[in-house]
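Both of the next two complexes hold chain A, though its partner changes from chain B to chain C.
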Partner chain A sequence: MYGMLFSIRSFVSKMSPLDMKDGFLAFQTSRYKLHYYETPTGIKVVMNTDLGVGPIRDVLHHIYSALYVELVVKNPLCPLGQTVQSELFRSRLDSYIRSLPFFSARAG
Partner chain B sequence: MSRQANRGTESKKMSSELFTLTYGALVTQLCKDYENDEDVNKQLDKMGYNIGVRLIEDFLARSNVGKCHDFRETADVIAKVAFKMYLGITPSITNWSPAGDEFSLILENNPLVDFVELPDNHSSLIYSNLLCGVLRGALEMVQMAVEAKFVQDTLKGDGVTEIRMRFIRRIEDNLPVGEE
Partner chain C sequence: MAIFSVYVVNKAGGLIYQLDSYAPRAEAEKTFSYPLDLLLKLHDERVLVAFGQRDGIRVGHAVLAINGKDVNGKYTADGKEGSSGIEMLETDTFKLHCFQTLTGIKFVVLADPRQAGIDSLLRKIYEIYSDFALKNPFYSLEMPIRCELFDQNLKLALEVAEKAGTFGPGS
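Then we have the complex of A and B:
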């Protein structure tokens, strides 16, 4: 998936006639919508939702700042650059997603 | 390790003396472990680097600063936002090189060195070298290879503490091996 996101991102930055503020935000097909958030350090937060969901940049930012940074980056025992093993991160992320207004328990 | 969920909005105050003493104990122990100053300087730089690569994420999460467009913007963000956020000081930016790839950060006071005097047998010790490592590590994570070094130090008798920052090159985004 990285190759696809990298290509879309560089495509968006080349197409933009003005200075890009946020860049690539989301794309949708007839079946799903993929939301994207990237930090200047290259950390990418990707969420797939159904088509009824609007912009969720603040949600993705919250996942980065309140979950990833607090629970993974600040934990010296969690190595960076590898799959996150932290059980605490996994469970907090899970409860956060379940608490979102557009989360439907039916699908989960 | 249990953590509270809503810690993000409280400001976590800590005594600055504790911070200064902790740093001092760290440097003292390093001096005992590695007998010569050059090795201690290298270790401080390495430790700073490891701190920097993680600190940048916390910085970006808390400050909402976007990508910097050039080195001047980077310098401003480092001095006015980052130093203020983490050390409570705002260094001034001076001595830009004509090409715009080098500048100096002038620190009037350095919280790491409160109450510190360098003994005579450690004259080549760069006491605050951790800061150089932090700057190097943090900037590397935002695709900038830089060199940071102390050119003046109040511990060595200079009037101010000066860190010289030099931009080496931009680190390009590489696709991981195996992706086309």
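Then we have the complex of A and C:
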């Protein structure tokens, strides 16, 4: 997935007719929509949703700043750059996603 | 359903035709809802369980239906593949729309993010392509398009779309 996102980002920066600020935001196919947010430090937040979901850049930003930074970066026991093992991060992320307005209970 | 295979053998003993149609004996049929405990993989035109085991469904079992719609190999019964290619790509400065025809020709349009009506514009471009490029006897398929009428009508269609569609400042 990293290769695909990297290729799409460099493609977008070359194709853009104007100067870009945020770059690649999302793409959609006939079945799903993939949302993308990248921090200046290189942390990438990717979310796949249904087609009916609009721009959720602030949601992804919240996942990074309020969840990842608070619970993983500031945790001395979580080694950065490796898979996140933190159970607290997992449960907080899960409850945050479930609280989002576009999360439907129908999806399980 | 009681017929399992058909083989045709020529005089020299070579196999010239083979047809295997195994009716799935459905020894165990289960319905799951998301999240699945099984890992699925595409194998031999069917979606099979590659890893994981639950309630009698083991490695080798095939997916029969999704959300009530029967599955035929890797396509759903109404002929649509799992997911199409990228149809729209969004950035902060532009939106890229892509329309792929049944023959594999892709029409790509870059537009302002606020521009509306690109889907109909893509279909209009497809129409112009089939009218002025494909019906041109001097045009060969898959080659660069150098047809004057195609250029003219394409520019006209773009002007119509720009006037009708955008909701941003300046048009």
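To be clear about the criterion, the second predicted complex is superposed on the first by the 108 of 108 C-alpha atoms of A that agree within 3 Å, B and C clash if a C-alpha of one lies under 4 Å from a C-alpha of the other, contacts with A are read in each partner's own complex, and residues count from 1 in each chain.
Here is the rule we go by: a residue touches a chain if its C-beta (ideal position, glycine included) is under 8 Å from a C-beta of that chain, and two chains touch if they have at least 3 such contacts.
No experiment lies behind these values; they were computed from the predicted model shown.
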| item | value |
| --- | --- |
| Combined model on chain A: chain C and chain B, fit or clash | fit |
| First, second, both or neither for A:Tyr64, with chain B first and chain C second | first |
| First (chain B), second (chain C), both or neither touched by A:Val46 | neither |
| Touching partner for A:Leu5 - first (chain B), second (chain C), both, neither | neither |
| Touched partner set for A:Pro17, first chain B, second chain C, both or neither | second |
| Touching partner for A:Ile97 - first (chain B), second (chain C), both, neither | neither |
| Partner chain in contact with A:Val73 - chain B first, chain C second, else both or neither | first |
| Chain C, chain A and chain B - angle at the middle CA centre, rounded to the nearest 10 degrees | 150 |
| Smallest distance from any CA atom of chain C to any CA atom of chain B, in Å, after fitting | 14 |
| Overlap of chain C and chain B interfaces on chain A (superposed complexes) | 21 |
| Chain A to chain B touching residues, read off their complex | 2-3, 6, 21, 39-43, 64-66, 68-71, 73-75, 80, 88, 92 |
| Of all residues in chain C, those that touch chain A in their complex | 33-35, 80, 82-94, 96, 110 |
| Residue ranges of chain A in contact with chain C within the complex | 8, 12, 15-32, 107-108 |
| Partner chain A, residues of chain B touching it in the complex | 1, 3, 5, 7-8, 53-54, 56-58, 60-62, 66-68, 141-143, 173, 175-176, 179-180 |
